[in-house]
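Both complexes below contain subunit A, partnered by subunit B and then by subunit C.
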Partner chain A sequence: MVQHTQELRKLIAQALPELDVVLAWTSGSNQLASAPLFITAEDDLDKLDFGPMHVQNLAAYLPSLKGRKVGIVTRGCDSRTIIELLQEKLINRDEITIFGIPCTGAVNIRKVREAADGQRLRSVEAGKDIVSVTTDEGVRTIPMQDVLMEKCYNCPSQTPLIHDHMVTERNGCHMTGEAPESTLDKLDAMEPDARFAFWEESMDRCIRCYACRNACPLCVCKDSCVAQSRDPHWVDLSDNPREKLMFQAIHALHTAGRCTECGECERACPMGIPILAMKQALNRRIKHLFDYEAGMDMENTPPLFMFRQQEEHIKERDAR
Partner chain B sequence: MSTVRFLKARDIAPWLEELSRDFTVLAPAQHGSSIVFREFDPARGIELSQLSTTPAKRALLPPCETLFEYETTKTLEPPYKTSIELKPTLPEGKSVVFGARPCDARAMQIFDRVYNGDQVKDPYYTARRDNATIVTLACSEQEEACFCDRVGGSPVDATGSDILLTPLKAGYVAEALTPKGEKLLKSTSFMKAEGLRQEALNSRNRILEQVPERSSFLDMERNLLSLFGDLGFWDKTAEACLSCGACTYLCPTCYCFNITDETRGESGRRIRTWDNCMSSQFTLEGSGHNPRPSKAHRMRNRIGHKFSYYPQLHDKTLACVGCGRCVSNCPVSFDIRNAVACAIQQAGAIQEQAHD
Partner chain C sequence: MPVLEGKELRIVGFLCNWCSYGGADTAGVGRFAQPTDLRIIKLPCTGRVNPLFVVRAFLNGADGVLVSGCHPGDCHYTAGNFYARRRLEVLRELLDVMGIQPERFHYTWVSASEGQKWKQVVSDFTARIHELGPAASFSNCPAVTVETGMKAAI
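Coming up: the complex of A and B.
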């Protein structure tokens, strides 16, 4: 077993008697599948595993566990979600114990599949700089740099920004080299018509499962979501791209200035629809207008949570 | 004896184009990073190399179906009475589903018992069903998440298909299993191939030999029911679940729906759309009470329905065909195979305790 996993297990074992549950990762039915692990007894620790193939943002479970003593294993990006949740008082700091672990990046399994040219994946193993994939045609190595989650290319901190315990057996290593062209880059280069056509085409395959919404740690309306509400009746249930896009637009607006770009919405989408780009686009505006990035500073207030008579970066009549 | 023909791989597209004149042809096609069943479009081609992300069920149960259209008129003077005019809309036209897998075809029979049963016949469903021809492609192997063999099927099972295609080197042996299938095989796209009957059978047998020996999920409907009151078990099972419903929308056997009126101004349509038991709204009552308030309750329903109540009502047929779509597409890697295996084990333990 890798040393950092061993250290992580030790840290959790020590703290476990004081905690109701600790959130960590395990591997699913095969190595392609990462699954959240809910540790309540020392036996569960045997299943704990952590590496680039372990991808879920576990902070998404925290609001539903409010009121209990919860431990959580946390990478840099997840810590931003925790900070945002704390800022919004959706969780209490004294109820959570953060086990920080420096991160070396998370793998986007869809990109691995693409890199394997549609060959069926038999197994995947993630090393430090490479991912080795076994397909029917043999073993193939892919540079890690090509198959990371989008958030990892411009990750502001691979070490958690807040933590109570820290795994020291591991150093986060920052990626070198250029990020591949993102969906947002591609969209930016398009004329508005083409951009709309892109979304119509993409949303056409949306099955309305709302995995994007349910995986998002910052979706807070719970069972009163506009997607299902009949009053107000902003989204109807017809199966057409416009209605589906309408929901995505609402989700993006509801997370504007709060979204930490953890990418869970897009990762969870079973149809591989690149919906993160919408959130990134709005976050860019937020950065431009308010010079604000979500989840970086616990003492700060998200810009759309407050009112200033005069915004520093918004000149009157130039509020573009 | 049924007709056997041969279809060269390169003749598939022309054949589907020919069919498109008289039928709505649904076939799996690459769409972004997914493979979806959609209306055949020669420009997009077809994708048969892997199990499709979405099942073929939309041919019989579309994600959104108009039940009728309506238009309201108000009198201009008191008492401002409203009259309503209804326009029925039954589905018309014939369809062909090309490239369904054996699990997809079997799944359609699971709908039949519900929507086309002795007591209730759903006119929309039966109209689509009667007009649909299912052309199934036998699988060359089971994929990672597949477990059709554990729920009463197999990678080469022909149940529910009108034509079964068996892949050989340069193309497919097509065997008609029903009169509907016979009709389609009349096309000139096919070559004569009576002699290939045995070769196709041999090939299917070779595929069957690859299926591993493993425990079956049949005949456990009562066991599972004994676990119904153990909410702790279901809590643990469902702890990571996001209640999203991706599993049920991608499931070829899930058939629950919602009905809404979508009005624009004076007119509108009553539509029936896919619904799913993993969402909290599914059982939310008008009073505000929800008999399935937690994801544990809802997971219990999903598994209970497929492996216990449905088989109890329908001659032990499971309402899961083992396609594995719910396993490979769940954002938190929930594995229904593990859950069912754990449930069998747990139910066994309960029974043993009772005997002690």
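Coming up: the complex of A and C.
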């Protein structure tokens, strides 16, 4: 890891004179508090760090930096976000410089906290296959396999699909085990009424902070979000599960065919609400209907931006 | 003239102005008996049907939602219903994962001259919704009434 970091620093230092800012990660006050780092001068490079505890999808910053020369440190999944943003012309390829890194998976920080049983964390360290957590009660080691983000278990490519510079490829990958049961799996096994009750209970916990929206790299409407518009008035401000579920439906439908399942919405949620499941369900359907996955091909048009007169996989419900 | 026994259920219909609304009119002019649970909202085109209209209708207490427009190829605006078809197919999955049975939602194409087909569509869909019964609703959540809806809109 150290060696990779050195290499990354060197690559960024070389390109920095041509760039306004480079987006990377740094460690916060404790190792659970990974934070984005905005590198504008060579001095900033000392703070740079990357590894399994650095989880943010930095591509979320790109649309707001359109028009400037931006460098960005990128894992496989983040590169899909970048491709999707390029497809939608929300960013320009010639304005961004991509520093690809070999990824070994990202840790689900919520799971690490759970594994520490609510104990105060003194330090957290991610090794190759384990995460070790030091609490007042001592050191605990957790297999990496148990605390990864959901997306990492089925990661199609840990190497970025596009990049301008690449930190030396790592060989081997430690993610070999089975993915744990996902929320979507659980929902699939339920009857409709239980599913409805599941969301009612989940939304009851939602505090309407909209962190899920703000963290989403594809939520780019900013101040014109329909959730906050008074005219038309899509959602009212009452604190009840109906309005909150309506907001989740808005987020899911507005990212349908665009969402790359980066998981930022769910990661950012302070209440631990598994809202990614809705988006995964839509993606599954879109894959089936249009044979399409978001953020894979820069030349492709997202499926809800277009149509075919004869849709191969849509069977008309009635004879015409 | 409710054809079905018992209580009416709440079914919302989003109809395109050019074909299906005309089709419903034709059915009326032809005096075809139909169940009366459906409340029709006329729109310029099925391309205007934001899938969120359907979600909002269900969350506000609809038991079924029907969307109907011109046959593919006959859209007054050339391609509105082609876009609608993709969106509404995707919507089906969202309803499903939310716990609203996708059978409560139906979209179809009825032209202005197809009064008989319209009657059939409404009768079949209404019967289906009656079979499913009232949709699930939130327990600790005041229902949306015309009054609260109006207030929210102000």
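Throughout what follows, the second predicted complex is superposed on the first by the 311 of 320 C-alpha atoms of A that agree within 3 Å, B and C clash if a C-alpha of one lies under 4 Å from a C-alpha of the other, contacts with A are read in each partner's own complex, and residues count from 1 in each chain.
Keep this in mind: a contact is a pair of C-beta atoms (placed from the backbone, for glycine too) under 8 Å apart; a residue touches a chain by one contact, two chains touch by 3 or more.
Worth saying up front: this structure is predicted, and the values here are computed from it rather than measured.
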{"item": "Subunit B versus subunit C as contact partner of A:303, first or second or both or neither", "value": "second"}
{"item": "Which of subunit B and subunit C A:314 touches, first, second, both or neither", "value": "second"}
{"item": "Which superposed partner A:245 touches (first subunit B, second subunit C, both, neither)", "value": "second"}
{"item": "Partner chain in contact with A:205 - subunit B first, subunit C second, else both or neither", "value": "first"}
{"item": "Which of subunit B and subunit C A:223 touches, first, second, both or neither", "value": "first"}
{"item": "First (subunit B), second (subunit C), both or neither touched by A:262", "value": "neither"}
{"item": "First, second, both or neither for A:197, with subunit B first and subunit C second", "value": "second"}
{"item": "Which superposed partner A:38 touches (first subunit B, second subunit C, both, neither)", "value": "first"}
{"item": "First, second, both or neither for A:236, with subunit B first and subunit C second", "value": "both"}
{"item": "Footprint overlap on subunit A, where subunit B in one structure and subunit C in the other make contact", "value": "204, 236"}
{"item": "Subunit C to subunit A touching residues, read off their complex", "value": "51-52, 55-56, 59-60, 71-73, 79, 82-83, 85-87, 89-94, 96-101, 106-109, 121, 136, 138-142, 144, 152-153"}
{"item": "Interfacial residue positions of subunit B with respect to subunit A in the complex", "value": "31-34, 36, 49-50, 53-54, 62-64, 143-145, 239-240, 242-246, 248-250, 258, 260, 262, 271, 273-274, 276, 279-281, 284, 327-329, 331-335, 337-338"}
{"item": "In the complex with subunit B, residue positions of subunit A that touch it", "value": "28-30, 32-36, 38, 56, 60-61, 110, 113-114, 118, 120, 202, 204-205, 207-211, 213-215, 223, 228, 230, 236-239, 264, 267-268, 270-273"}
{"item": "Residue ranges of subunit A touching subunit C (in the complex, touch as defined)", "value": "184, 187, 190, 192-200, 204, 233-234, 236, 240-242, 245-246, 249-250, 252-253, 256-257, 277-278, 281-282, 284-286, 289-290, 303-304, 307-309, 311, 314, 316-318, 320"}
